[in-house]
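What follows is a group of structures, each given as structure tokens.
Here chain A shows up in two complexes: once beside chain B, once beside chain C.
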Partner chain A sequence: MNDNSLFQIYFDSDLETKEQVYDFISEIACAHASFQQKQDIIHQLNEREKAGSPLIAEHVLLPHIESEHVIESQIILFRLAKPMHWDETIEDIRMIIAILLKKGEEEAIKKKMAGFTRSLADEDYVERLLNVEEIEFHKEIIKIREES
Partner chain B sequence: MKIVGVAACTVGIAHTYIAQEKMENAGKKAGHEIAIETQGTIGTENELSSQQIQEADIVILAADVKIAGRERFEGKRIIQVPTDVAVKSPNKLIKKAEEVLKQKQAQ
Partner chain C sequence: MSSKDNREQKLLLFLSKNQDYVTAEDLAEILQTSKKTVYRLIKKINDESLDDSLIVSEKGRGYKLDYEKFIHYQKSNKKYKEDDFSPDERRKRIMEELLLSSPKPMNIHYLFNDYYVGESVIFKDEQLMSEELKKHNLILERKKRTLAILGEEVNIRKAIKEIIEIFNIIDIDDLKSNQELNFNKYDVLVILDQLRNIEKDLNITIPYPYNVNIFSHLYILLSRSRKNPAFIFTDKVSNEKTENMKKDFDFYQVAKSTIHNIEKYLNNALPEIEIYFLYQYLVSSRMQGTLDTTSTLSSRVIQVTKAYINGMSTRIGINIDNQSIFVDLANHIKPMLNRLEHSIRVKNSLLSQIKVTYEEIFSSVKNVSEFISEEFNLPAINDDENGFITLYFAKMIETSQHQHPIKTLIMCTTGIGTSELLKAKASKKFPELEIVDVVASRNMQAYKEKYSNIELILSTVHIEDNISIPYLLVSAMFTIDDQKRLQRKIEEIYHER
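Right, the complex of A and B next:
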């Protein structure tokens, strides 16, 4: 797949609830698929959440799945316009990074994705992603994309 | 202190690698020698050598799934936590390893 399409950025996203986020992600994951396949994606996202919290840093969520319904592996970044109340235990979310991994994806793409997730261990980097303006946000992602 | 460990999560694309980085950074910051193997979607990376394991004072397993090769750590002092503990509180986790080792040495 084209490396440039691995990342999708939604800056100032007006998504307001967890349900809206998962609906949106399921649309991106399998745009022309059946309603049932999209529901499967949402179910998988919810199941992954039950296995462990998607919260990776203050204000940041990282929902992720591997699925045969995912047409193209993607990393989707939402910088939210307004802080989101996610559920009873998670609130004040300002950035959501969704990782969709296609079942049987080639190793080179998996390595790129792993390289990006490793960069999220850097608290300064995450802090910048949370606070910079849109142009800088894109630059930060491009930088990581080129390094990984 | 010499620490070795393994990071492994269910999908193996996210928490595994963040946990590895965070544990290694926190361990080094606290002045320890640390090596974390990842068992993720790419397979095993940074595989621990038998010498590394033998020389380790403590083992940290940050895993949400059954890890491969757990028998390598038989007889070692092991701390097992879910990956999100390593992701959210890596410094506390290293502190806990220090305390466990202190208790072991006091015995």
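Right, the complex of A and C next:
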């Protein structure tokens, strides 16, 4: 159900560290690209974090970058199987929402993605995403996808 | 209220206003007392609070109010202590009894029986009550072993209203369910019904505190008439005043039918003058609805309103060009002028809080009021009224109606990630921001040219370039701390304008 969609959902993801998460994201961002390009993505993600914390709510991270290496713009959602220790300051992470934006992406797609991030301002919505079962989780995402 | 109670309240109010710790020195200065007294007051407040300490302290930082507990405390503190009356309460209750039955004399033994006090206390109470009543132009008469209050009906009613504290209720719906208030339940329901009828007939709503004011007028009318069914007032209304009232057709009709309904309920005829009394209250109340427009304002109302707005704008140094405050305030001034004319006092239960919270605005309003009552030849405008007016200006300042919105740019790395999220959160909490665009940080320079009139940049990422525009880094969580910092930044920007 994730085909042709902006959204990729990984429920019960068994990723355990920040490094694993960023590695995984870089794989999705540019699947067939060179090692160097993937390293670039990871570097960018790390730089973004240095500039400002990606924490958007308790237990939720929102790393996001814009890069020419990204082949297709995407929103990747991880609901973690186990709470993750992210770094010295950020702990107990249960959901990661990564936003990858292709450089020079068309406005319509940007608008869709922005619509989704806006919905994250609704605390109840985030709360549901953190707690619902897998089927419900998909439904919640579909709902937003259709609205925006 | 004794000065000690007053200090306690002042201390609590001051702490509630401050989010951070306050030192004992500062508190002593504000209360104009010693540090020792401050310690004692805090200990007393904490000892008396139901569960844990209301005021928390930290070494080296001072004192802070546990706000959640404070709200709870305020609620529970209202509970009536049944058997334990302070001397002040005792006198009030006796005066209440005497006022309601005035001019009938009552036996002293009967009046003081419940309080177990001796002759000397009774003698002292008489003196104090007599002084209190003098303020309302009433006389406390002692004859043989009885006391009676003598004076004009209008003054008696006013005194009742001031003395009986249960009229300090804020929520009129509370009357139906609140047991502590000890009202006659049937009377309450009948009066509330009358209030609804008045609102329906005039097609308006009467907001707080005017609804409570009319309620208490009618409640006192019922109580008085019942205790003194055959009593005929000595008060007279001039023909001119009666004629003027009859010209005000809608209000007159409503007053007439309300009094008529009450006569039916009492099963007893009421004197004509009651219609005039009620009429006075109606025209002195603010009403919201169809009447709430500028078209019904007299030139005098407009002049007084303008005088307030001009006076306040020079005193607090802001530019008030907004039409909405004018309409709002004018619709308050209109019944206020009627209140001054009929010398009807609306009790402002929030007065002490208003004074502490909006100290500066309040004292400015007071100044302007003094000037206005001289200029327009009005009776003195009391603090209750000044408190109400303060709220209009405070509201305007707090909601920044007098300021243009701040043109704001929101920024993150992509322009669609945390920045969009921040936009949704910030625009909900800070209506004073006008969010012009949401952008990616790398395009900074380009946007600076595109939006040359930007006043604030709100960003979730650190900006390294040197920029001349006020800029604030906040987290995407938009925590309380972020919100506080943004609030300060907004004030800075307002200040520099």
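One rule holds in what follows: the second predicted complex is superposed on the first by the 144 of 148 C-alpha atoms of A that agree within 3 Å, B and C clash if a C-alpha of one lies under 4 Å from a C-alpha of the other, contacts with A are read in each partner's own complex, and residues count from 1 in each chain.
Please note the rule applied: contacts are C-beta pairs under 8 Å (C-beta built on N, C-alpha and C of every residue); 3 or more make two chains touch, one makes a residue touch a chain.
Owing to the predicted nature of the structure, the values given are computational and were not obtained by experimental measurement.
Engineer: Scan A:K143 for contacts with chain B and chain C and give back first, second, both or neither.
Structural biologist: neither
Engineer: Between chain B (first) and chain C (second), which does A:E107 come into contact with in this model arrangement: first, second, both, or neither?
Structural biologist: first
Engineer: In the overlaid three-chain picture, which partner chain does A:H85 touch, first (chain B) or second (chain C), both, or neither?
Structural biologist: Neither partner.
Engineer: Quick one: classify A:R118 as touching chain B (first), chain C (second), both or neither.
Structural biologist: Once the two structures are laid over each other on A, A:R118 reaches both partners.
Engineer: Residue by residue on chain A, keep only those touching chain B in one complex and chain C in the other, then list them.
Structural biologist: 48, 51-53, 55-57, 62, 64-66, 99, 101, 110, 113-114, 117-118, 120-122
Engineer: Contact residues on chain A for chain B in the complex?
Structural biologist: Residues in contact with chain B: 48, 51-53, 55-57, 62, 64-66, 99, 101, 105, 107, 110-111, 113-114, 117-118, 120-122.
Engineer: Looking at the complex, which residues from chain C come into contact with chain A?
Structural biologist: The touching residues are 412-418, 420-421, 423-425, 428, 438, 440-442, 459-462, 473, 475-477.
Engineer: With touch defined as at the start, can you tell me which chain A residues reach chain C in the complex?
Structural biologist: Chain A reaches chain C through residues 48, 50-57, 62, 64-66, 99, 101, 110, 113-114, 117-118, 120-122.
Engineer: Can you check the complex and tell me which residues of chain B touch chain A?
Structural biologist: 9-18, 20-22, 25, 40-42, 64, 82-84, 87-88
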